[in-house]
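In order of appearance the chains are A, B, C and D, and numbering begins at 1 in each one.
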Amino acid sequence: MDYRKIIDEIYREVKPMFGNGKVANYIPALAKVDPKQYGIAVVTVDGQLIGAGDYQKKFSIQSISKVFTLAMVMRHMGSDLWRYVGREPSGSPFNSLVQLEHEHGIPRNPFINAGALVVTDKLMSLYDRPKESILRFVRDVADSEDIYFDNEVARSEQEHASRNLALGYFMKSFGNIENNVDSLIDVYCNQCSITMTCEELARSFMFLANHGINPYRHDRILSISRSKRLNALMLTCGFYDESGDFAFRVGMPGKSGVGGGVVAIIPGRLSIAVWSPELDKHGNSFMGIETLERFTTDIGISIF
Amino acid sequence: MDYRKIIDEIYREVKPMFGNGKVANYIPALAKVDPKQYGIAVVTVDGQLIGAGDYQKKFSIQSISKVFTLAMVMRHMGSDLWRYVGREPSGSPFNSLVQLEHEHGIPRNPFINAGALVVTDKLMSLYDRPKESILRFVRDVADSEDIYFDNEVARSEQEHASRNLALGYFMKSFGNIENNVDSLIDVYCNQCSITMTCEELARSFMFLANHGINPYRHDRILSISRSKRLNALMLTCGFYDESGDFAFRVGMPGKSGVGGGVVAIIPGRLSIAVWSPELDKHGNSFMGIETLERFTTDIGISIF
Amino acid sequence: MDYRKIIDEIYREVKPMFGNGKVANYIPALAKVDPKQYGIAVVTVDGQLIGAGDYQKKFSIQSISKVFTLAMVMRHMGSDLWRYVGREPSGSPFNSLVQLEHEHGIPRNPFINAGALVVTDKLMSLYDRPKESILRFVRDVADSEDIYFDNEVARSEQEHASRNLALGYFMKSFGNIENNVDSLIDVYCNQCSITMTCEELARSFMFLANHGINPYRHDRILSISRSKRLNALMLTCGFYDESGDFAFRVGMPGKSGVGGGVVAIIPGRLSIAVWSPELDKHGNSFMGIETLERFTTDIGISIF
Amino acid sequence: MDYRKIIDEIYREVKPMFGNGKVANYIPALAKVDPKQYGIAVVTVDGQLIGAGDYQKKFSIQSISKVFTLAMVMRHMGSDLWRYVGREPSGSPFNSLVQLEHEHGIPRNPFINAGALVVTDKLMSLYDRPKESILRFVRDVADSEDIYFDNEVARSEQEHASRNLALGYFMKSFGNIENNVDSLIDVYCNQCSITMTCEELARSFMFLANHGINPYRHDRILSISRSKRLNALMLTCGFYDESGDFAFRVGMPGKSGVGGGVVAIIPGRLSIAVWSPELDKHGNSFMGIETLERFTTDIGISIF
C-alpha cells in the first residue's frame, strides 16, 4: 500500500479546514497554543515512517497519557483492577460525577477522568516513584529519550484542578482512592502534561499494534490477551461520548487528548498519530478525526 | 393550652421507642454517643419553658447550624444570594452531586450540604472572623454564653470530609465558591460541631417564631418578610428528602441534624426542640419526628 | 381587613403586566384563548366575596382538578394511598419520567402528572361512574350547578396525549396502574377540561380553608387532619418545580393550572382564585403569582 | 483452522454449566422454554458449517431481529437515519426512558428498545407490508424458507407491552415516531417473535461477515462502508450495558436476544451463533457469552 501518497493527499485536502473547532481553553497554558498546526505520522509494523506537516513538533498529549498509565497498571495487576474501575462506555462527558454517584464511586471506564484517576492511584501504589516511572515507560515505548513533562502545563493544570479534585475526593468518600488526593492530582497533572511529537506518539502505540511487544526494545509490555483487551477498551471508550460515533466512522481503536492529539492503530499493521489543536464539541481534534476517517476509507482497511 | 401536660404525656409514650433507629456513624465522634437519650424543650412567645427528659444535656447540632448561618447571610445580602443557591426542595439525599452537575454548580437550596457550603462561603466573605462570628450569633439568639464548638467532633468531621471536599471543589469548578475550599470546610466542620441543649436550641429559634426579633435582646435579626421566607424554606427543605413527608405529617417549619436534634416553630406561638440520637433512614431523629407529630396533633395547631 | 381596597389596588397595578408570559400552546384548544384576561376572586370564611376584572368568566382549570380528585380519593382511602404515590416535592418538571424510573413507577407526589394519573386510577376503582362523580363533587364544593367538562378541550387533550399515555403505560409496566390506560387517559383529559370562573374556583377551595367542611352544604369532605395534610401537600408540591419559590414568595398552600388559573388559601380565613392565561417558564400564571405575592404582602398574613 | 475440534471441545466444556443463569420470564411464552438447551453453529466464508448440540432447534431470536430491521432501513435511508437515532453506547439498561428524556426523544442507538422502535417506525414508512417484508428479508439472508413468526410469542409480547408502549408514546410526544404507536408495537412484537435455528442464524449474519454481500443469493445487501458501520455498531452497542465488557472479553461484533441466542462475526472469516436460554443479569445468554469468549481465545483471532 502506498501510504505516502494517501497521507499526502489527505494532508492537502484536510489542511484548509482550519477554523472548524476551538482550541481547549480550560487552562491558560493550553489556550495559548497556535491553532493553525497540523501534523500526521504513520508508523507500520514493517518499519516505515510516513510524516506530513507538523509531525515533529511537540504538543501536550493530555488524556492520551491514560493509555500509558493503564498499560503500566495492567502489567502488574490482574483482573483485580476491574473491581475498582469498569469497562463500559460511559455515555456521559469525560468529567461527569453523575454516573459515579449512581454507581457508588466506581467509574465506568479507565478513559474518563474518574477512571484515569483510579488507574493513577493504583500506579502510585505499585511504583515507588510514579512520575519518574511514567516518563521511563513512555520513553521506552516511544523509543525516544527526548520526552518530558511540560512544567508550565502541569502547573497550570494544578491551578485549575477543582473538577479533578472533586472527582478524587468524591471517589475517596466511597473508599475507591487509596492515596492522598493532593498527591494523586499532582501525578495526574504531570502525566497529562507530557509533550511528544506525532512521530513519537505513533511509535509509542506500536506495542498495541504489535500484540503487546515493544518493537524497539523487543520486550513484551502486555500479554497478547491484555493487549487485545486494551485495544477493545480504546475502541469502545477512547473518544469520550463520541466513542460510538468514532467506531462507526473510523473503526480503529484509538485515543484522543484535548491538546489536539489523536492516535489510533490497526492491529498487526500500523499506528497513526495526528495533531491539530482545534477541537470539536466533544473535545476531540476536528482535523484529527477528519484525517482518520479519510485514512481508513482510503486504505480500505478497518477492523470491521 | 396546658403544654406541660401534653409534653409529659408525649414524653411518657415516646420514651419506650428506643431501638427504632440508628445513631449516625459517619464520624467516630458521633458514633460513640449513647443512643438512649431523649429530651424535649418547648419555649413559648409568652416566656414559658417546658422541659422533659434530657433537655439540658448538650448535643451536636450538626445541620441545624445551617439555619443560623443562613440567617447571618440573609441579614447582609439581599435577594442577590439566590443567584448562588436555589430555594427549591431537592428531591435528593443531602449530599448528592447529581443535581449540582445538571444545574451547573448551583445547589437546590441552603439546607442540603452543597447549599450550606455556599452560604458559609458567603458568610466568610461577609465576616472577618467567621468562626467567632457564628458563635457570637448563636449565643445571642440562644441567650446563653455557654455554647461552644466541640473540637473533637470538628476534628473528626475534618478527617472524614471527603464528600464535602468533593462538593466544595465541584462547585468551585463551576465558579460558585469564592473562598479557599480547605478553609471553607474548616469553618463548616466547626459550625456543625456546635453543641447545645434542647432548651438553648428552642430559645435560639424563637426569633423565627417571633417575626424576626430576638425576644431576649429585643433586637431585630431579620425583617418580617425575611423571617417568613426563612420559615418557608425550612418547611419545604428542612428535612432533606423527607421534607414533604414532614410537612404532611407535622406541618411546622423546622430543621433536623444528624446529631439527633430537631427543632420546629409555630409562628407567633412557640419553638420546640427535641433530641434523641437514633436516626431514621433519611437521617432525621426517629423519636424527634415522632414527638413533633404527636405534639402538633395534640395541640391541634399547625400552620395548615 | 378591607379586602376590597387591597384587591382593587392590586388589580390596578398588575393589570398593565400583560405580555410577560405565554399562553399554553401544547393543545390547540388552549392556545387560542385570548391572553389579555385577568380576574380575581376572594371568598372569606365569614361569607364575603370580593371580585375584580374577569372573575366571572369561565376558563379551563386543568391541573387544579388534581386537588379535587385527590380529595375524592383521600375521603375513601386511608394511608394506603401513599403506597402508590409519594408525598415529596419532585424537583423535576411536571411530566418527567426520569424520577419514575429511578423509583420503580411510584410518582413523587399527587400533583405531578404521573401522580395525578395514579390518583385518577384509584378514583376509577372507587367510583362506578368516575366522570359523573368528579363533576358532582366539583359542583358540590363550588356550590354551583353551572360547571361542565369542555368537550372541545377534552378532545384536544386526547389528541395530544402521547406524553400522558407514556406515563400511564410506564407506570402500568411497574404494576402501579390498575385500570385500562386508554380509559384512564379519557377520564383524566375530561377532569382537566372542567371550566369554572374565579368565583366558583375560590368557593370550591373553601372546604380546605374551612378545616375540611364544605361551608355551602355543611358536610364534612375531609377530616381535619386530612384537610391539613392536603394543604401541606399543596404548599410543598402545588406549583411544579416552582413550589419552593412559591412558598418562599407567597407562603400559601395553593395549586395552579396551565389554563392560567391559580388558587390558594389561608386556613381559617379565606380562599383566593386568580386567572390570567399568560404563563411563566414553569407553567404557572405570571400575573396570577404576581397577584398572590402582592396579596400576601398587603394583608400581612401568611401561614409563616 | 480445525473449527470442528475447537467447537467440540468448547461444547464439551461449557455444557456442564447449566444453572448459572435464568430463563427470561417477562413474558409467559418465553418463561416456559426448557432451560437445558445448548447449540452452536459456525459458518465460514469458504462454506463450512460446523454444528454442535441443539444447533438445529428453533428459538425466539427476540432482539437479534433489530439487526435485520436496521439493515433493511440502512439500505434505503442514507445518513438521514441518524437524525432520529444515535450511534453511541447507552450505558443504561435496554428499556430505560431516562436518557430519552434528557436527549429529547432521540434514542442512543438502534439496539436499545427505543432505538429499535425508531428503526421499525422508519421501516413501516419505507415498506408497504412491513411484517411480510421483514420475513422475506430474513429468509433471504438466512437462505431458508422455513422461518416464521411465532404467533404465541408475538401475542404474549403484546399482552406485556406496557413498557414498549410507554417508549413509543414517549418518543411520539417528542415527534420522533411517525406511525401509529399501536401498529408499531404490533410489528415490533412480531419481528421479535421470529424463530430460527443456530444454523439459520449463523447463515443470516454471513452478509455482515462478507462485506455486505449475501453469499447465498450473491446480491449486495449493504455497501461495504455501511456493512462495516453496522458491524461497528454491534461491537459498541450490541450487548446492552454489557457491550464494553463483551468487546473486552470477546472482541467480535455481535448481537444477543433474551431468547438466549447470541450471534457474532469475524469480518472476512466467519459467523457463529450460539443458543442457550439461561441469561446472565444483563440479559445475555450465560453459556452463549462463555462459548464466544472461549472460541475467540482458542482460534487466536479477534478483530483486535
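Note that a contact is a pair of C-beta atoms (placed from the backbone, for glycine too) under 8 Å apart; a residue touches a chain by one contact, two chains touch by 3 or more.
Everything numeric here is computed off the predicted structure, so don't read it as measured data.
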item: Chain whose average C-alpha position is farthest from chain A's own; value: C
item: Euclidean distance of C-alpha centroids - chain B vs chain D, Å; value: 55
item: Whole-Å gap separating chain C and chain D, where each centre is the average of the chain's CA atoms; value: 47
item: Multi-partner residues of chain C (each touching 2 or more other chains); value: none
item: Touch-based graph of the chains, sorted into line, ring, star, complete or other; value: ring
item: Complex interface listing, chain B residues touching chain A; value: 96-98, 100-102, 162-163, 165-170, 172-173, 181
item: Touch list for chain D against partner chain A, complex; value: 86-92, 99, 108-109, 225, 227-229, 231-233, 235-237, 241-245, 247-249, 251, 253, 267, 297, 302-304
